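Next come two complexes, and both contain chain A; in the first it sits with chain B, in the second with chain C.
Our next item is the complex of A and B:
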C-alpha cells in the first residue's frame, strides 16, 4: 500500500516537473513581422538547424510548425521549451495581392485558401500556449486591431507575453512607437535577420518564461 | 455610395457571441460599414476573425476592424476602474466604438489612441 502511494506521489511530482520543463512557447503576430525568421534564429542558435522557410510574399507560414525540446542557457539558468511558430493573423486575405507579389492566379488562390485556414489554426492554438512572443514589424504602425486583439486575448487568458519589435536594422524602425502603443509590456527591439540584440531578447525571455 | 450603419449596444446585448458575430458579419457582407457602440469581448474579436476567414472567397476579401476607447487612457483612479469593470459585467462594454467594414471598401484603418482614419478603396476599382 505504501509502495503504491509512493509511486503515485513520485508520478505526481514527476508530472509537475515535466509540465514545468516543457513550456509551449508561441510566436504570434501579423503576417511578415518576422516570426519564422526569429524561430529560425532561435533554432540555429540552440539546435544548429533552421525551422521553416521565409519569404517576402506574405503568409509564407500557413501551417503551425513545432520544434520540440529547445534548451536555451543564460547566466547559469536553463529554459527548455517547445517552440510553436504560427501563421500570421490577419483580418483580410486577398488572392489578388499575391498575384501583385508575383504568383500565378492558381497559386495565389491556393495560397489564400491555405492562409485563411492558417489564421483559424493560429487562433485555435492560443489556448495551448504557456508563453507567447508577439513579433511586430517595428517599421509598421503598431496600433492595428490585429495586434490589439492578439494581446488582448493573451491578457484575458493570463498568458505571459514578451513583445518583440523586429527589423530594427531598418531605418524606418521605431521601437518607441511600439512601446507607447503597449506601455504595459516590456518591448525588446531586435533584428531576427541579422541577430541584433538577441542577448537582450534571451534575457527577457527568461524573465517572462523562466 | 458608402453606407455607414450605427449598431447601438442594446441591439446586440441580448445576443450570445455567435449571434452577435453572425449579425455583424452579415451586415459587413452587405457592403455596410458598421459603427458599433461599445466593443466586443476579446474572445469575440478572435471569433469574428476566425469566422471571417471561413467566409473568405473570391468575392469577400475579409474585414477591416478597429476600436476606439478614449476612457481607457484617462481612467487612472482604481475606484473608477472597478466601477467600470462592474458596469461592464452587468451591462456589457458600452464604452468607445468599434468600426467594422468590408476590406473591399476600407483599404486601411489608421489609428492613434483618440483618432481613427478610414482610407477607402476608389469605387471605380471595385
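Our next item is the complex of A and C:
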C-alpha cells in the first residue's frame, strides 16, 4: 500500500516539475567574430555573470558552452532561452598560426586539434537550435566560404537567423557590406565589447525568436 | 579504391585482408583514399614516424573515445584532412551534409556513425 502511495506521490511531483522545452539560442560564426564576447554581454546584462573567457588568439572557445534560462525583457515582452555558445567554424586550422600569436608548439598543436573537434561539434549541434545568431566581424570581408556555408545551411534548415555585424566600434567596420552580402536577413550592427546598439539587438531578437 | 595505413603509410587495395584484420605494422586506422587524392599517399609517406603516430593519436582524440581501438577503422579524408600534426583542413560542405567521417565499405570493414556518437555524447552531456 505504501508502495502505491509513494509511486503516486512521485508521479505527482514529476508532473509538477516537468521541464518545458526551452528555446535553444545558438551563437554561430567564424573564429574571433565575438561570439563569446556577445554571450558574456547577454549574460552580464540579464544574469549578472559572464559565460566564458575571451582571447585575441582565435579558437579560444573549443567546447560548446551553455547558459540556461536567460530571460530578457523589452517593452513589456519577455523571452526565455538557453544560450549556446559554439566554437568558431573554420575550413583550415593550422597550429603555426597559433605559434605566431605567441603559443608554444605543443600548446598550439593541442589547440588546433581541439579547435577541429570544436568545428565538428558546432555543426553537429546545429540541428538542435531553434534560433541562431550569426556573429560576423564587420571589419572583415563577409564573402567567405565559412559565412556562406553557415548561413546557407541555416536557410536550408529553416532555422530563424539574426545576423550580427560585430565590432562597429572599429573604423574599418562596414555594416552595409555585410547587409549586401546577405540581403535576405536583417543585419544589426553592434559592439559586443562596448555594448553599442544592444537595445536594437535585443529588439531584433524579439522579432526573430519571440 | 586504395586504403592507406595511418601508422606506416602502406597502401592496400580495396578488399585486402589487411584492411579487415589490421596492417602488418599493427595499425588499425586507415585513410580511405579516392582516386583523385592519390597524391596524398606521397605526403603521408614523407612524414616522420613520430608525426604519423601523433596523427593517429589525434584522430582518436577528435573522433571520440567510444571507438574500439582493436577494430579496423577507415577514415574518410575528404571531410577532415590532417596534413600533419596540428594542420587540419575541414570540408564544411560535406560536414554540414552530415556525411559520416568513417565509412563501412563492405562486410568486415568497420563503420562508426559519427553523428550517432556525437548524439550519444550530447545526450550524456544533457543528462549531467
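Convention: the second predicted complex is superposed on the first by the 189 of 210 C-alpha atoms of A that agree within 3 Å, B and C clash if a C-alpha of one lies under 4 Å from a C-alpha of the other, contacts with A are read in each partner's own complex, and residues count from 1 in each chain.
Just so we're on the same page, a contact is a pair of C-beta atoms (placed from the backbone, for glycine too) under 8 Å apart; a residue touches a chain by one contact, two chains touch by 3 or more.
Here the structure is a predicted model, which is why all the values come from computation and not from measurement.
Undergrad: In the superposed model on chain A, is it clash or fit for chain B and chain C?
TA: Clash.
Undergrad: Once the structures are superposed on A, label A:95 by its partner contacts, choosing first (chain B), second (chain C), both or neither.
TA: In the superposition, A:95 contacts both chain B and chain C.
Undergrad: Check whether A:155 is in contact with chain B, with chain C, with both or with neither, and answer first, second, both or neither.
TA: A:155: touches chain B, not chain C.
Undergrad: Kindly classify A:141 by the partners it touches after superposition: chain B alone (first), chain C alone (second), both, or neither?
TA: Only chain B is touched by A:141; chain C is not.
Undergrad: Touch check for A:123: first (chain B), second (chain C), both, or neither?
TA: In the superposition, A:123 contacts both chain B and chain C.
Undergrad: Have a look at where A:109 lands relative to chain B and chain C in the superposition and call it first, second, both or neither.
TA: In the superposed model, A:109 contacts both chain B and chain C.
Undergrad: Once the structures are superposed on A, label A:71 by its partner contacts, choosing first (chain B), second (chain C), both or neither.
TA: neither
Undergrad: In the superposed arrangement, which partner chain does A:55 touch: chain B (first), chain C (second), both, or neither?
TA: In the superposition, A:55 contacts neither chain B nor chain C.
Undergrad: For chain B, sort through 38-46, 74-82, 92-100 or 110-118 and name the stretch that clashes with chain C after the overlay.
TA: Clashing stretch of chain B against chain C: 38-46.
Undergrad: Identify the overlap between the chain B-contacting and the chain C-contacting residues of chain A.
TA: Chain A residues touching both partners: 89-95, 109, 112, 116-117, 119-120, 123-124, 126, 145-146, 149, 153.
Undergrad: What residues on chain B touch chain A, complex-wise?
TA: So the residues of chain B touching chain A come out as 41-43, 45-46, 49-50, 52-54, 56, 58, 61-67, 103, 109-113.
Undergrad: Spell out the residues on chain A that touch chain B in their complex, using ranges where they run on.
TA: Touching chain B from chain A are residues 89-95, 109, 112, 116-117, 119-120, 123-124, 126, 141, 143-146, 148-149, 152-153, 155-156.
Undergrad: So in the complex, which bits of chain A are touching chain C?
TA: 64, 89-96, 108-109, 112-113, 115-117, 119-121, 123-126, 128, 145-146, 149, 153
Undergrad: For chain C, which residues count as touching chain A in their complex?
TA: 54, 58, 61-62, 80, 85-93, 95-96, 101, 114-115, 118-119, 122, 125
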